[in-house]
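Written below as structure tokens is the structure these notes are about.
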Amino acid sequence: MKGKKLSILSLLAVSAMILSSCSSSDDASGVKIEVPDIPMHEEMGDFEGELNIVNWAGFVDPKWTDKFEADTGCKVKPRVAGTSDEMVTLMRTGQYDIVSASGDAALRLIVGGDVQPLNVDLIPNFGDEIATGMRNNIYDTVNGKPYGVPIGRGANLLQYNDDVTKGAPASWDVVWETNSPYKGKITAYDAPIYIADAAVYLMYHKPELGIKNPYALDKTQLDAAIALLKQQNTIVGEYWSDAVAQITSFVGGNTVVGTSWEILRKFAAKPNIKTTLPKEGSTGWYDSWLVSSKTKNVNCAYAWMDYTSTASVNGAIAVNFGMAPANIAYCSSSPTAQAHCDEFAAEDEEFFKKIWPWTTPIETCVDGRKDVKCTSFQEWTNAWLTVKG
Amino acid sequence: MSTTITKAGNRPLSAYLYKRAKLRLFSLLALPMFWIVGVYILSLFLLLVTAFWFVDPFTSKVIVGFTLDNFVSIFTVPAYISTSIRTLLIALAVTGLSVLFAVPLGIYMAKIAKPWVRNALAVAITLPLWAGYLVKIIAMRLVFTEEGFFNWALAPFGLSGPTFSIPIVILTLTYLWFPYMALPVFTAIRQIPPNLFDASSDMGAKGFTTIYRVVMPLIVPAIIAGSVFTFSLSLGDYLAAKFTGGSTQMIGSIIAANINLNPPVAAAFSMVPIAFVVIYLMVARRTGSLERM
Amino acid sequence: MSTGFVSLRGVNKYFNEVHAVANLDLDVKAGEFFSMLGPSGSGKTTVLRLIAGFENASSGRVVIESQDVTDLAPFDRPVNTVFQDYALFPHMSIQDNVEYGLRTRKVPKAERAKQALEAIDSVKLSHLSQRLPHQLSGGQRQRIALARALVLRPKVLLLDEPLGALDKQLREEMQVELKRIQREAGITFIFVTHDQEEAMRMSDRIAVFNEGSIEQIGTPQEVYEKPQTKFVASFLGVSNIFDGAAAKEIFGSSTMVNIRPERIKLVPADTKLNTGESGVVGTIIEASYIGATTIYLIQTQSGQRVIATRLNEELPDQINRYETGDRVGAVWKSDHSAVIPT
């Protein structure tokens, strides 16, 4: 779902990654999803000596892998992926042990039987310090079984050029409605998952559609979201999937308002480029570690998840990538850490309550509805291509 | 007088091949045939086969089977049809624009310019080929941004340059592929005897008449050769649309979006540019221009 | 200042540093067959191209029929050109080639087809009108190039070595043909050639070019019999030029004198000269039998060489022939020799 990144810049790496995850809260509990029965790891054994990781750029770095390799003897072999789809494709080859999947990739991998349920007893660091909003989400907890260990998260915010807007827009209507004063200077995210952003807007403004979860859309609801996106297509200046392109558009003045990430605003490094969370709320991306069902290095994988769940390592990954860490114990570890956590709202559950974590849409309605079939990600993909005509 | 005839030299391999024409032919063609059949045709064939498969909507895994749905969707989904037509028109516009620029430039270079000017222009035309493809697209993007060169240059006249849109995609693709048109056209014009220009003007033809009636017909093969590049490369491109097209969607955009999500649809769609190029070459063949290539 | 039908006045042409045409004056009369003769690089083709308009004069004026055309483009000048390698458009049929100039003049379709077919007929190639140029022989292409130029009824026809690529026999046929057409159409022909025999056979007048200038203009007979410069004397035909000491010895003056080989008779070495005759004594160092004539190369005591050409009017064994090594007298009538002023 994200665009291809340019490897030269670390910020491209950022663009490449996106997490999707599903929102949790009360919805997850009531939903029964058909998942292949795969046994979980019962007890730790000897380390196998190597660990093959599929990861977003910035998630695996000698700064923390050196110590892991020294402690466990597991040689880390990372493979950077550019998109969630690429991650799914790579994991399905069976050649990798563990993946830093976003929620939209995660659920696909779980229902496809490509990853295994986790035995959290073997991950002592997977504990109370995990931010409440990152626990028991449907992307890593299906039918009550945990599948993933949270890494970090970020929100899709409304970025705006304050010189033009003179203050933060209160609503996403500036990017959706044809009477937007910024017509032609709007940017939208170029991926099927962006349909969820339309759904979030409709949840607020068209309650009669009955959307309860932007990732559980029946046919009618999807059609309404697509209609809104087609309306937006007439006022969009540019779709973005490449982080550098998005930043240059804002800095260059081609774009005045549009969806963005906090880390991209930082890279833009202009005081007049700001972000806000409008009243409708938004979507976001949550990443977690998932272990392959075909792994031969399961003990190294568990050790890795445990190691990266410690406050210091988890924090290092979050800072390196530019997101909120899953382990909020990191935040109180130093003033620098606290500043990072504050900037990315790591401890602000009120903030993240308004965020719907990206989740792969599947035919089972993740909002708990049993009387209708929801639209799958495949349908979203096909529908997305019709938006731009 | 008697003479002794001796066997000349000792070159068993040459002598062996010399007497076996088919074996010589085989050794000549072994590598190219491996490339064409083993790599080129085979991969195209595999692509075509994939186009008949489908994707499990639940797990998004590719299922080997047989369905025509992927092809049907190309012709039934309005967004796909309009994207195909838009891409075709963009590719034609790029080709037309390249010809429009290449012919006068080629005439100047081949028939008028002093040798050092000609060499400088030849380098200038080919220079962009040395730069990375993506670099050039990004360069075009920067030139056309709101605070980029064109708005800066036009600002004193109270004008503003175009924003990212189809015309800029056409300009970007023309910029990318122009050398592939300019070089064969230049070479072809160079081969036109100079006295044909004299003869035309001697018989009363002004410059444009000479270009239209004498130069153009003689360089049609070169234009076809160049347009195979400008046309087919434009048909398959999606990065130009992505970086300079604003909300412009091309066939390549659909393929790129589907390559991981739905490989069979991507495979089916990749047949569209191939079909366009085949039709294009058939039309060119009908006009007889290929025979003189 | 009187001007001809085509006049060049003080024309110079430089190609970078090369002075291709130097301060040239030229007058061609209406209706004449005028040849520009000279070795390659002598500037004759450049002058032709200056008249056609393919080149701009660096200075000077070009006047055609009292109209100053110096600044006019080729398509605005009342002249047409037949090119050395014909310059037929390879992608057009013969008929389309011939129609080309009529088309640019916006002659209606039916009319131009009629005129073109007439022109093709006049060079006797009607049966080839739908062929492409590459399907024709050199001579046929040459005729089409001629028809293509003539169909436009130019006041002046410029021909740039049009017969250069043809073999000898075809060339002689075309020489007759060109002369006929020129006479019948009454068009002024300006004809560039390096072949002196061709120039003399066809021309009313010849301009002999050398190094960007005209050495002499005159009828074929004038330029042959009364060459004004040593270059003209030696470029047209074969010459025996005496100057300096050799001239003083024979003629009693060091003025340059030319005697043509065919005017020299060979006599036994001890023969006395008659009144009104001049001559030298020497040894034959080479005798070449070439069919119609025999060419003798004679060397005098002082080292001067003389060429004599004798017509073989009788069978070889019936005439008194001289052999290599014979001492002979080379004798001519004094009024057959011509003084070369410069």
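For the reader, a short list of remarks on this structure follows.
Labels A, B and C are assigned to the chains in the order they are written; within every chain, residues are numbered from 1.
Convention: contacts are C-beta pairs under 8 Å (C-beta built on N, C-alpha and C of every residue); 3 or more make two chains touch, one makes a residue touch a chain.
No experiment lies behind these values; they were computed from the predicted model shown.
Centroid analysis (C-alpha atoms only) places C farthest from subunit A.
Put simply, the chain closest to the centre of the protein, by Cα centroids, is B.
Averaged Cα coordinates give subunit B a centre that lies 54 Å from the centre of subunit C. Between the CA-based centres of subunit A and subunit B the separation comes to 39 Å, rounded to the whole angstrom. Between subunit A and subunit C the centroid-to-centroid distance comes to 91 Å (mean Cα coordinates, whole Å).
The part of subunit A that touches subunit B in the complex is made up of residues 3, 6, 83, 85-86, 88-89, 92, 108, 111-113, 184, 190, 192, 233, 236-239, 241-242, 245, 248-249, 252-254, 362-363, 376-379, 381-382, 384-389.
Residues of subunit B touching subunit C in their complex: 193, 195-196, 198-206, 209, 213-214, 217-218.
Every residue of subunit C that touches subunit B in the complex is listed here, in rising order: 49, 52-54, 73-75, 79-81, 83-85, 87, 89-92, 100-101, 103-105, 148-149, 152. In the complex of the two chains, the subunit B residues touching subunit A come out as 55, 57-61, 73, 77-80, 82-83, 86, 134, 141-142, 145-148, 163-164, 242-243, 246-249, 253-254, 257-262, 265.
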